[in-house]
Amino acid sequence: MSLIAITEVKKRFGDNEVLKGISIDIAPGEVVAIIGKSGSGKSTLLRCINGLETIDEGSIVVAGAQFLPDEVHLKALRLKVGMIFQQFNLFPHLTAGGNVMLSQMVVKKTPKKDAEAVARKMLDRVGLAHKFDALPDELSGGQQQRVAIARALAMQPIALLCDEITSALDPELVAEVLAVVKELAAEGMTLVMVTHEMRFARDVCSRVVFMHQGRVHEIGAPEEVFSNPRTPELRQFLGVQ
Amino acid sequence: MTEFSFWDILRNLLLAARWTVVLSLVSFTGGGIVGAALLFLRIGGRRGMQFLSRGYIQLFQGTPLLMQLFLAFFGLGLFGIDVPAWLAACVALILWTAAFLAEIWRGCVESIAKGQWEASASLGMGYLQQMRYVILPQALKVAVPPTVGFSVQVVKGTALTSIIGFVELSKAGSIVTNATFQPFTVYGLVALIYFALCWPLSKSSQLLERKLNVAHRNH
Amino acid sequence: MTYQFDFGWLIDSLPVLLKGIRITVQLILIGAVFGVALGIACAWVRALGPKWLKPVVATYVELIRNTPFLIQLFFIFFGLPSLGIRMSELTAANLAMIVNLGAYSCEIIRAGIQATPRGQFEAGASLAMTPFQTFWHVVLVPALQRIWPALSSQIVIVMLGSAVVSQIAAEDLTFAANFIQSRNFRAFETYFVSTLIYLALAILLRQLLAGLGWMLFPRKASR
């Protein structure tokens, strides 16, 4: 049974149809990379899975929970899927630890002591236990992104959505973030990531989705998609002739 | 007729300036409370409420404070109460201040990056939780310099209450002028006293703003 | 509330009201044109002007921004004659508005100039323009475009603030309202109507300034 079932999803912004009927089933433990040019709809799809955008047609079901745009359903959905953003979006007024603790305390009503214990554990997991009291300002981009991952993990999601999480980083900081993601993948976390890191997609992902003009243009195992692109669009995108 | 020395004039003006300070404090505090209520209606309330508070803000920002004072003065009188000038002054200034503060603060809330809303939403927070724990703490910090800056407008605004007969610094200026026939000295002094009240507020608003900008550049 | 509203006086008072509106409009038109011009001149002094003039302009701006318009008006109309400078009510009102708007627009325009990229000044200099030529041809227009909304709001604020010129018996809209209510004893209705007129004038003025902005800056400047 699939963990995330995306069926015939359509999304319009005004006259512009960004998603033209997307269907993907994602099994538990799968690591799916979504690749494609900017404007192909890949980020929008990810944002729809987390309910940051409403969908116009089709359905998104995560672990049996249907996505409906009211606060109760949204909350249920978001407790199941965490999201990591390109711009980290840490809360600048809270410490790293505070960032990881906040939603546990206000959404799950976890007592402060327990939330703190979880926060320390999660920060340790991303290699930042010693930065518990640092403000986001005092952290490098790579460290901020790792705190953001810890923050999402603290809610114990069954899947993580990663929206170009290394695109805003200086090149030398990309590796430390990808290492954390790789570890999560090895531990069996279900991951859906929009990424430009083709190498990473090839090495770590179980499936690759190539999106083009609002549709799933090609989908398959990474070796298949990367070594044997079937359509000219994908060949052009990958830069192979 | 008694002769007024320079010090007599200054003493009388300073005594009246106390009422300028009191009226400013009352208007600013009251306006802050009403303004906060307006702000929440404006950004969070139902459609109808949003519309109402927007209309309120545009009405008070689009008409002269002097007219608002007149309407408060004569409008409250319609209820058959004999309205003292101080009451009309407080009511009008509070309502006027509220409109401006609500609009300033709305700008501050809207200046918080969209990513903050999205990140907190993706963690499962509801609207009130997002406001309470993520948006407002950041918006408050941004709001301090322009709020302090606006307090200068409130102090200056109190001068208009002299026109409906409230005796504060400006009214005292007119009274003393009529008694001494030294308008140049008296209004010069009145201006300097206002300046002494307002300039520290203006300056600290500027300094706070600069400090905030420096802190932001590190992001 | 047993009060009966009465707007029957309105028809008879129309000529008085119209005259008041005319004067208020005239005041703000003159005030805006010369006030903004003064503001540009002061902004130039603060950005590139002679050193000795800078503190003078800075003092002027701070003094005006930190004192009430009413007191500025009284000082000009009642205070200056002590120095032998006498003028009519309308001239005093106009002068006060120009001086007031000059200070505020100086600050606003200065902010716009400060946001100009350094490279613009350097590009002008590298093309052998004088600093003044660079200011006038390269810096000023984009700066004005950048701050046009803020400047427009300030002009509307000065228009609304002009209600107090009635206090030196300049015969503006508020003066007309005061006059009418002293005859009809319908203070609330009279001020209510004049408040609505001010609101309409404010909306109109805002539209006018927005239109002027479109005319002056037809293209989007790159920021």
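Here the chain labels run A, B and C in written order, and each chain numbers its own residues starting at 1.
Just so it is clear, contacts are C-beta pairs under 8 Å (C-beta built on N, C-alpha and C of every residue); 3 or more make two chains touch, one makes a residue touch a chain.
Not measured: the values here are computed from a predicted model.
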| item | value |
| --- | --- |
| Partner chains that subunit B and subunit C have in common | none |
| Best-connected chain pair, where connection means C-beta pairs in contact | B-C |
| Identifier of the chain whose CA centre is least distant from the whole-structure CA centre | B |
| Chain centre separation (subunit B, subunit C; CA means) in Å | 20 |
| Whole-Å gap separating subunit A and subunit C, where each centre is the average of the chain's CA atoms | 53 |
| Approximate Å spacing (C-alpha centroids) for the pair subunit A, subunit B | 46 |
| For subunit A, residues that touch 2 or more chains besides their own | none |
| Residues of subunit C engaged with two or more neighbouring chains | none |
| Per-residue multi-chain contacts in subunit B, two or more chains | none |
| Residue numbers on subunit B that touch subunit A, as the complex places them | 113, 115-116, 118-127, 129, 132-134, 137-138, 141, 218-219 |
| Subunit A to subunit B touching residues, read off their complex | 50-52, 71, 74-75, 78-79, 82-83, 85, 87, 89-93, 102-103, 106-108, 137, 148, 151-152, 155 |
| Subunit B residues within the subunit C interface of the complex | 59, 62-68, 70-71, 74-75, 77-80, 152, 156-157, 159-160, 162-163, 170, 173-174, 177, 182-184, 186-188, 190-191, 194-195, 198-199, 202 |
| In the complex, subunit C residues that touch subunit B | 1-3, 62-63, 65-72, 74-75, 78-83, 156, 160-164, 167, 174, 177, 187-188, 191-192, 194-195, 198-199, 202-203 |
